[in-house]
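Here's a structure for you.
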Amino acid sequence: MLKNPEAKIVGREAWGDYVLLRFEAPTISALARPGQFLMVRVADGPYPLLRRPLGIHLRKDKALGVFFKIAGEGTALLARKRPGETLDVLGPLGNGFSVDPCLAGKAVFAVGGGRGIAPLYFLAWELRALGAAVKILYGGRTKDDVPLAARFRDEAFDQVLTTDDGSAGREGFVTAALEEEAGKAAPAMIFACGPDPMLEAVGRIAAARDIPAELSLESRMGCGFGACWGCVQRVRVDGKPAWVKICEDGPVFPAEAVVWDKDAR
Amino acid sequence: MLKNPEAKIVGREAWGDYVLLRFEAPTISALARPGQFLMVRVADGPYPLLRRPLGIHLRKDKALGVFFKIAGEGTALLARKRPGETLDVLGPLGNGFSVDPCLAGKAVFAVGGGRGIAPLYFLAWELRALGAAVKILYGGRTKDDVPLAARFRDEAFDQVLTTDDGSAGREGFVTAALEEEAGKAAPAMIFACGPDPMLEAVGRIAAARDIPAELSLESRMGCGFGACWGCVQRVRVDGKPAWVKICEDGPVFPAEAVVWDKDAR
Amino acid sequence: MTDLSVDLGFLRLKNPVLAASGTFGYGLEFEPFLELERLGGFVVKGLYYGPREGNPPPRLVETPSGLINAIGLQGIGVAAFAEKILPRLRSLKTAVIVNVCGASEEEYVRVVEFLDGCEGIAAYELNISCPNVQKDGACPAFSPEATAAIVREVKRAGRRPVITKLSPNVTSVVEIALAAQEAGTDAVALVNTFLAMAIDVETRRPKLGNVLGGLSGPAIRPIAVRMVWQVASRLKVPVIGVGGIRTGTDALEFLIAGARAVQVGTANLVDPDACLRVLAGLEDYCRRHGIGRLEEIVGTVKT
Amino acid sequence: MTDLSVDLGFLRLKNPVLAASGTFGYGLEFEPFLELERLGGFVVKGLYYGPREGNPPPRLVETPSGLINAIGLQGIGVAAFAEKILPRLRSLKTAVIVNVCGASEEEYVRVVEFLDGCEGIAAYELNISCPNVQKDGACPAFSPEATAAIVREVKRAGRRPVITKLSPNVTSVVEIALAAQEAGTDAVALVNTFLAMAIDVETRRPKLGNVLGGLSGPAIRPIAVRMVWQVASRLKVPVIGVGGIRTGTDALEFLIAGARAVQVGTANLVDPDACLRVLAGLEDYCRRHGIGRLEEIVGTVKT
């Protein structure tokens, strides 16, 4: 866990509201695992005050990449950054997905909704390197929300694409596609990242078929490294629901540990 | 007095800590007079909160220019602006220098210290257009603080250059040069802009020789258009010292009206 | 079309957006930038009975997302106001509210009695909460008794509705607001500025000529919203929310917290048409949410 | 080389930079980013006697140059702290201060009695000012009597020096500080957070699970500096300044206003090495101004 206040930006791609920034951060890069995240400073001064959590989207040699959707002021400021400028990043943070060697040769699903696809690209490459057969299930609201679909296709990933309005891929939710694909041939493992309702549905589908699943949760973060207790969500610890820090004990949790029901909390 | 939230930046020059931005603001430009200023927004959000006052440095066709020294966070943000981006400006504000037709054919001095040279460039051109013989007295701490000296020279202005350390032009304060030049041949009028001690000395020199002088004052500004009463300085009104708004009743005042002595206030 | 009007009981505003005292001059300064009649109304700069010098400069310090001011209520006094300014405001179809100051109970009464003789004023806003006048920043709004006394005297002496402007520099703004209500105020406005200080570390001198000043701007908004929520849930008279409003969303926070109208302060200095931006934000919100009467959302926060 | 040490009377700090409670975890979380021994000391997260669940999320809202938190003092309790954390802090050559919480006078006393049995604690900081616990944000530090009572009991029961942490949500922080001094506190720390609220206007729900929370960060600094100045000029015991410090310059404002030490809070979350940046800023200032002993500048503001 390191701070690199001056990671040099070496690449930028943008598709509408989605932006990919690549930057050199050799030490962080050496430690990074898929599912981990960075805390990124969006301005120098006191406003916006807090860093923004962003999943590690890719690692290539000594460079890392973040892929994000412009969601508000912080990400809008980040989107203005250009190659040659620097980025102040802290990381790698959190626990990451279980890239287990025993997945070699097995089929695994990576289910991403919207900007939730960000950490799954890094994950997919690591799983592929391990020898797993990765199927990407990538959903968005419209064709503008699945900007990475072409890349996954070009890089020969098996991909099921969905959009809510049918403007690209199959029409409907990505969870419907998951249900269908898992029905055809159950994977050894499901990894997912996306909005809460999607993750809840993924957990339900996985549980119904007894497929182990890992979900990457989101939460407002103060620090990202366990100091403020600001980022808690309801997660079962030894079977008992507790307010657990997403940044330290997550962001990735076994699907069955996450408590979705607000009343059962 | 107008607000142009999206004046298009069409040019940028920089010399170390000094920056010149040109932008298109046709309506403001049509109204502008030398010595007037603009209130310039340096960021979109709530920080830095206030606009920054900057003198009008030049007018060329429909474009205006500001020339500023990076003095803090606000001007540093402004310095990052590039052609193609926009500037949010309010103006023209304040009263301006007396560009009096009766100065035609007469000798006038424009005395600028450091960034105080900014409004004098616009003034010098307007005075020249009027037919006055303008002598620029331009002082700075070192040769790095007189970036416009070459321009005045290239544009054939009669110029006396001074630096405190002698690294360019004569060694010493610009007020020493004023004393000397005024001694040689007294001008019909002195216009000055710069730090307070310089302005005070200019006022003294002018008074001693009975030369009318106008000084452009600085002050922290809240609004720039007379609404907050935040920008006052001690100025004689009908002979009596009062807290007078720099933004509305100034920034230019007859030298004899300004009260420098803190005790006499 | 949404109905943006709000009813303060004693006054119906065409919309809930007022410009706050001291940040809108005498109104006229803003005519180059906006049509004053678009506003629900505006509160003119604080007036003492006589003209006032104000504090020595520097009078302003910028802080993170905030502004400290120590103007010290420099102003022209009621007579000059009535003679030079009011005639030009009178014809405007918008609520003109006068911010009334006083060094003593008697001075508040004198100001109100004088202004009662003039036409074209919709209400008085009692400024009992300015932190820039007494040496230690204290003001009548620190005490329920002092607050009640001024409100009572002004209500007795004057003929117009009274809005009492409260200080945030207190342990219980609810207690002070209740005292003002008890004493007969027609509404309360909160908040005035937070007592603050800044030091130039290079010279080790205060950055303000007056040493202390009042903090305003976006920095204080979350505290002001909290206070408005606390007061609105306990008071019968309407609450006017002030503090750090720049956008429609900011104003909506106050309205939803329980304010029946809002005032835009510091934002006017930065963008002289800030009130119009706030208004446009309110209109857009109502359209998006299918709200026919903006007043319906007042105090609807689901806690 | 400048002597940065400061003397609190009961404790000499190698430098005046402390990390503030609740923003520095139990200290260990920061070891990857800085050498803890470089700090003057740090205050660990607030501890109740037993473990505590804390408030439901969302617990954080960002505001202009500020942060509202409603963590609700989730924590592990004194027993787990003594067993799992303290042994790892004990060997550090820096002041470890424990932030003590309680739902009642008795609980403060129980916490202190328990901790008195452990080694490796330099002082207790009494958190009588957390706005996230009671429903309306009230806390003992609103009242001189409640403040004095807790200080007195803790001083009677415990063997270590006591720093009383005050709330800024009061009319006269000087009055409360004097009460704490009277009751025997060894120092006061101010300020804790400002009671605040934010509303999501789209859903009309509070943005915090707890409805109310505490505002911290650069936004509040000018108010905190003012309070420190007011208190320091009236108190005999040392004052520790807290509120919005990010840089050496920020810390210097507090020291020059009269604080003998400072605490860095929210800035730690943004930059885990923020305390070192503050320290470097102090060193640089002393060098530029030829100051041999930093302590000389305490309270030297020329008003």
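Residue numbering begins at 1 within each chain, and the chains themselves are lettered A, B, C and D in the order written.
Criterion: a contact is a pair of C-beta atoms (placed from the backbone, for glycine too) under 8 Å apart; a residue touches a chain by one contact, two chains touch by 3 or more.
None of the values given here were measured: they were computed from a predicted structure.
The chain with its C-alpha centre at the largest distance from the centre of subunit D is B. In this assembly, the C-alpha centroid of subunit B lies 36 Å from the C-alpha centroid of subunit C. If you average the CA atoms of subunit C and of subunit D, the two centres end up 34 Å from each other. Put simply, the C-alpha centre of subunit A and that of subunit C have 47 angstrom between them.
The residues of subunit C that reach two or more other chains are 61, 64-66, 217-219, listed in rising order. Multi-chain contact residues of subunit A (touching two or more other chains): 45-48. Viewed as a network of touching protein chains, the structure reduces to a complete graph with every chain in contact with every other. Against subunit C, in their complex, subunit D makes its touches with residues 61, 63-66, 68, 136-137, 142, 169-171, 194-199, 201, 203-206, 211-212, 215, 217-223, 225-226, 229-230, 244, 249, 252-253, 256-257, 285, 297, 300-303.
The residues of subunit C lying in touch with subunit A in their complex are 64-65. Partner subunit C is touched in their complex by these residues of subunit A: 45-47. Here subunit A touches subunit D in the complex through residues 1-3, 41, 46-51, 90, 219-223, 225-233, 242-243, 265, going by the rule given at the top.
Across the complex, subunit C meets subunit B through its residues 22-25, 29-30, 32-33, 45, 53-54, 56-62, 64-67, 69, 71, 74, 217-219, 246, 266, 268-273.
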